[in-house]
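Both complexes shown next keep chain A, but they swap its partner, so chain B is in the first and chain C is in the second.
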Partner chain A sequence: MDSLIPFTTSGSLVDCVDRKMLVVLRDGRKLQGVLRSYDQFANLVLEDTVERIYHQDVFAETWRGLFLIRGENVVLLGEIDLDQEDEIPLRQVDWSVLEPYHKQEVAAKKQRDELKAQVLYDRHGFCKEGGEGDGY
Partner chain B sequence: MLIFSVFKTLTDQQVTVELKNDLSITGTLKSVDQFLNIRLDSIKVLDEARHPHMMAVKNCFIRGSVVRYVQLPAEHVDTQLLEDATRREAAAQQKR
Partner chain C sequence: MLPLSLLNAAQNKPMLVELKNGETFNGHLVNCDNFMNITLREVYQTNAEGDRFWKLKECYIRGSTIKYLRVPDTLLDAVKDEQSRAREAGRSARGAHVSGAGARGRGAPTRGGRGAVRGGPVRGGRGRGRGA
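Moving on to the complex of A and B:
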């Protein structure tokens, strides 16, 4: 079976298991948790996960728990350097303080993307499908 | 499969991967698989201020399906050889 041949890259995720990882999802969410399992599709299991939001030089996080992430939604899986993590020049604030700013940012980005898609459709002959941009 | 082979010859080289979410990451290519999933070590993010979540990340795994471009070191890609190989593969496919 094709899907059972060895996978050099997803195979090499083995050294990331039980480490604190950052996962970026296609919808822009950033999750940090401990990688417990994965497979060749980059389906991931994250334990003790927190979601982080960022705005300028502050960030906030909230508890999310256990995730099984379907691989197609994964953009990037990064290993967090625990020493470097303590040195990042960002200030942590309360989730409730930052969330309105974050929501506003997301809404603004959505609006910008829609406008861009509309211009491409109206003036440059692009099709209207793929609302997620690049079929991403 | 050809492109996969090209990437395999480029391991341990510096490449820049541009993702569909406009994140550009430069790093040492550690491995690639047949989905063109990419493993990068000692990464550097372009315009880090816009992507603060990447500041503590040293190496990463990128899913092939979210890659838009990969910038390769030109001196390590033999385009002439690649062209010939492409023709050969196309010819082999026609024979089948």
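Moving on to the complex of A and C:
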């Protein structure tokens, strides 16, 4: 059986260009769009971008258009399987309906993460990441 | 084209800039540099919560504070057109001196054209059409 063939050039995004990709940002946003170009910082140009939010078994989408994303804000990039992308086991609703629930979740998560980071810092000497001065 | 080239091509176009702290700046791009530092004019600034607004005639944003920029959807097309027009102009200007074979050889290869989305892998990763 074929195994996943790695990129021929290490760390290159050339095989992702002109493909539909999922981009997750450090602020938790999930964007889907066609990757048109990139550079040595992994700054990305994403075309026909859609932002999706999730809550329990429901999701919502909104059109965002053409993005230039600064590379340091990207957590991950994943290729979207065009065959499977429409098989979503979730119910779709309007963005305006879901947005308040999503915002609540985001705020709650932020609180939990801050608490966790504080405990880890105080008791175990872990450093606090993801703050304002974290990028380069 | 490279992301920063796209930004350079977006001069005088309206755009939305979101900073790492969630503030947004809506304005027309005046200038930019290789660090992604930008200057905007006729700017509408919004705080992260979206409940406070400022109007600024001009502003400077340091590139390292930017999360992303949203630009008009038509920008990519407009730039590609400009580039091909510039190439044609350059080619015809030099056409009198260069032989036909030479001019053709320097044409940039197209990557499947604007709007094309590559679907199935060329690498045979999923065995579609190739058999296991």
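Simple rule for what comes next: the second predicted complex is superposed on the first by the 106 of 136 C-alpha atoms of A that agree within 3 Å, B and C clash if a C-alpha of one lies under 4 Å from a C-alpha of the other, contacts with A are read in each partner's own complex, and residues count from 1 in each chain.
One rule holds in what follows: a contact is a pair of C-beta atoms (placed from the backbone, for glycine too) under 8 Å apart; a residue touches a chain by one contact, two chains touch by 3 or more.
Small disclaimer: the values here were computed from a predicted structure and weren't measured.
By the document's definition of touching, of the two partners only chain C reaches A:Arg64; chain B does not.
In the overlay built on the shared chain, the residue A:Asn43 is in contact with chain C alone; chain B does not reach it.
Once chain A of one complex is fitted onto chain A of the other, the partner contacts of A:Leu13 are limited to chain B, with no touch recorded for chain C.
By the touch criterion defined above, A:Gly28 lies against chain B but remains apart from chain C after alignment on the C-alpha atoms of chain A. In the superposition on chain A, contact is made by A:Leu90 with chain B only, not with chain C. Once chain A of one complex is fitted onto chain A of the other, the partner contacts of A:Arg52 are limited to chain B, with no touch recorded for chain C.
In the superposition on chain A, A:Val75 makes contact with chain B only, not with chain C. In the superposition on chain A, A:Leu98 makes contact with neither chain B nor chain C. Shared interface residues of chain A (contacting chain B in one complex, chain C in the other): 136.
Those residues of chain C that touch chain A in the shared complex are 1-4, 6-7, 20-22, 36, 63-64, 66-73, 75-76, 111-112, 116-119, 123-127, 130, 132. Contacts from chain A toward chain B in the complex involve residues 7-13, 16, 22, 24, 26, 28, 30, 42, 52, 54, 57, 59, 71-72, 74-81, 84-85, 88, 90, 133-134, 136. Of all residues in chain B, only 19-21, 23, 30-35, 37-39, 43, 52-63, 65-66, 68 touch chain A in the complex they form. Taken together, the chain A residues at the contact with chain C in this complex read 1-2, 4-5, 15, 17-20, 25, 27, 34, 36-39, 43-45, 47-48, 64-70, 73, 82, 132, 135-136.
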